[in-house]
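Just dropping this structure here.
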Amino acid sequence: MLAYIQNIIVLFSINAILALTLNFIMGYAGIFSLAHAIFFGVGAYTAAYMALNVTDSLLICMLAAMVVSALLSVVLALPALRVRGEYFVAASLGLQIIGVTIFSEWKSVTGGLGGMIGIPPPVLFGYTFSSTGQFVGLSLAVLLGVLVILALLVRGSFGRSLMAIRDSESAAQAYGKYVNAVKTLSVAVSAGLAALAGGLYAFYMSFVNVEAFTLNMSILLMAMVIIGGTGTLLGPIVGAAIVMALPAALTYLPFIPSSELGTIQQIIYGLAMVILMMFRPGGLVGGRGKEKSA
Amino acid sequence: MLYLQLLINGIQTGAMYALIAAGFSLIFGMTRVFHAAHGATFTLAGFVFYECYSLLQWGLLPALLAAAIASGLFGVLLNRWVYVVIQRHEGSFFTVFAASFGAAIVVENLVAIVFGKGLVTVSSDWSRSVEMIPGLFVAPMALVAVVVAVVCFAVLHYVFTHTNLGVALRALGENPTLVDVYGLNQKTLAKYAFLIGSVLVVPAAVLTAMTSGISASMGHHIMMISIAATIVGGVGSLRGAAMAGLLFGLAENLCLAFVQPQWSEAVTFVILFLFIVFRPGGFYGRAIVS
Amino acid sequence: MKKLLRALAISQMLVAAPALAEDIKIGAAFPMSGANAEYGEIFSSGVNLAVDHVNADKRLNGKLEVVYEDSQALPTQGVIAANKLINVEKSPYILSAFTGVSKAIAPLGQRNQVVMINGGGVGPDLAQLGPYFWNVIPLVNLEVATMVPFLVKDKGLKRVALVYVDDPLGQSAREVLDKELKAAGGELVKSFSIPATAQQFSGVAAQIRDAKPDAVYIASYGNQQVQLAKQLRDNGVTQPLASYSAFSIPSLLKLPEAQGSYFTSQQVNLDSSDPRTQRMVSDYRAKYGKDPSMYAINYYNAVLLLADLAEALQKEGKPVTGANLLEKRKNTPTFDFVGAKVSFEDDGTVKAPVQINQIADGTTKLVKSGQ
């Protein structure tokens, strides 16, 4: 029983990190991304590749994952952000699609559709993380770390610049904020930290394949952020918990045929998104207002 | 011969994409609402047609009418009940997009519950390919698709240049505040934009149902093409979106001669990226650099 | 004194009795929701029938029970499902399905010494998942290697074109086709890889026509095969189609465009006089009103395999744990599966004869029996 709960905690931490990092650009910077699952995937594949071929040191694998993911996001953001918001949506959608194709085809690096198995457990200063209990500690520590970093960024001048840009780009520019640099940096931070979740995932499952990084996953992450609440730090965590608990909760409703559980779940997310946006755009935690100083 | 075959396939697909993209571009260009549920409109139209024509065995015309009513109603009601409410108190891009996306998810899954998640096709003799010259297979449906697309665009062009409503809609797209000054009602015009844009998907949905088939989750792909074509064509230009749609259809099919089929979807987005980097204004639009 | 002795005897019985009358809970991580829920239903129909039979025969001390968890055919969900089965239900034997799920949960089985058994996927990567991962059906390389001589020698179809999904199964199909066709005097003229999510094949059809093969081999699965078969025919590909056991799903068997196609499968003659086969087929027909599909039979066999091993272990007084099941399997030379006698290789795969079927009148017809 304990091992079962530990498993849930690890997966929850991974989802929470992803939701937090997505919220950083969606809620605070007002940048839409439908490609967050790809950065998750890039982190996972990079960490896995490093662990299988170079070293099983936790620090090096995670660092590599963060750097690759951040660089990729910058390549996406630089051209797209300088034009207008809708362009980034389209570009991110495109990245999501191409990303899945590349994950499935680049056999030498990602293992293609078959994925990579047998990823070794990571080692930190001589301490090997192999049991579920150890992963609970690791993932909670990473989650805390991400929370702290994001909190510092958001409450500092970087965060204020971001929110200024979100609320009115031209005003922010008039104030002398380097709009493009700030936006691109925020995307890089978001992608880099999301890669941490990817590394955790790869090491915990010892197996990565493209099925975890599809458009459905990006949509799920969006649902977590929107339902929990954008523009707050607690919101995405709440959102992640709700979205993860929903499938299990639905099994207790006897009148739903099990083959329709997945569709009913998605309908609930969709409805929640519509209704929340109409009456409570800040999400469950955020409330009516979208502006929060966090 | 292979190239000719792929070219013909490309024109058929491109004609469909042009219609769909034009609908989205119309709505987005005129009302500035990022109607992410446009893909859901397509899915709805296709399945309503399938239900009426194949399952309930109504005639072709009644089924078409039903599909048109369903999609038109969906667009207009979504606007009235959801978008307008949001725009009243806040109306930021994010909020509208998220609500639209949520609506699309709901529709996609409702369709999946009723019709299942697999592909359904409306069987018709016209979708069976005929060997016109050795090595070239064309289905009569392909010709129908192109003719229908041309007719629709001709009608649209007429509406936009020769009717009051059309001119008013173009004005709405260019300068909403001036429209108010002229005494026209923005909200009513927006309603018409949604109506026309949504009904425009019906021919494409019906033809797709009869050729390659429709499935509940098609909406995503449709959305991607619509957004990409709107950007590549230039925001605010219907002609641009249509041309971009045709370009994407051609590219998707012609690239099969050079690369493995996995990459044909990616080709669409490579084109999109190139435009974003080098010519963000697209074919006809003016890029608003912020 | 006598009272004490009697009390001791009774308490000893009370302690010993539960251990003897232990119920066995096997787990199943199947897609019970989502796009692949249909497969989950097919698999569980075979499983449930087997559980009924085992309990009806009272072969085990105690009841055999199966607990279903929803994997949604996705690796992450599969891990959650397997975790629940291992840690909460304490299952020593878990039925798995879908290659992605199997690969994700295999490490769990390894770590916890729990047997995981696959009855659906046939990709060669399923043979590399460790000693605690077993497969009850022959993998695709055996299937393709059986189809090739049939096509070339029996039917004279020497030039074959291949349409495949670019995953380990498809890649294996391509390698084996290439090698075996050359050896048999034929040729793999062209191969076209398609994305797993593709639904539009007019371009592929055009290229196949261009290549002018004698036959077309399809390595795909699920709904995609149905679309592929239909669109190939719609676009002028008239050559015979061939594939592996994935063709046995009802939606493909009923497809008018697929009639006449050949596919391989594990040897099973539904009309055989072997008692296990007869019982399974007649009871399945009675309960569900149709013939059991290959998948239902595979999972029926998987449960019966457990019953055979557990029965033997219980006779020796050993507890039914994953480690003991593995050892017992290694020491048993053959098993009586529905359809054929099979034996296990060291890598946990099964050596079984493969037969060739043809689709006719919406159902399958045996064309060539396996050796």
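We just call them A, B and C in the order they show up, numbering each chain from 1.
By our rule, a contact is a pair of C-beta atoms (placed from the backbone, for glycine too) under 8 Å apart; a residue touches a chain by one contact, two chains touch by 3 or more.
Bear in mind the structure is a predicted one, so any value in this text is a computation, not a measurement.
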item	value
Chain pair, most C-beta pairs within the contact cut-off	A-B
Per-chain Cα centre nearest the global Cα centre, belonging to chain	A
Chain A-chain C separation of Cα centroids, rounded to whole Å	36
Distance from chain C to chain B - Cα centre to Cα centre, in angstrom	42
Geometric centre distance via CA averages, chain B-chain A, whole Å	30
Overlap residues in chain C, where contacts from two or more other chains coincide	35, 166, 195
Residue list for chain A, restricted to those that touch at least two other chains	101, 104-105, 260
Junction residues of chain B - those touching two or more other chains	262, 265
Chain B-touching residues of chain A, taken from the complex the two chains share	26, 30, 32, 79-80, 82-87, 89-91, 93-95, 97-98, 101, 104-105, 169-170, 179, 215, 219, 222, 226, 230, 260, 263-264, 266-267, 269-274, 277-278, 281, 290
Touch list for chain C against partner chain A, complex	32-35, 37-38, 40-41, 70, 72, 74-76, 79-80, 83-84, 86-88, 99-100, 103-104, 106-107, 123, 125, 128-129, 165-168, 171, 195-196
Of chain C, residues touching chain B in the complex	35, 166, 192-195, 198-200, 202-207, 209-210, 223, 226-227, 230-231, 234-236, 251
Chain B residues touching chain A - in the complex, by the definition given at the top	34, 82, 85-86, 90, 92-99, 101-106, 108-110, 112-113, 220, 223-224, 227-228, 231, 235, 262-263, 265-266, 268-270, 272-273, 276-277, 280, 287-290
Residues of chain A touching chain C in the complex	1-4, 7-8, 11, 101, 104-105, 112-115, 117, 205-207, 209, 211-212, 247, 251, 258-262
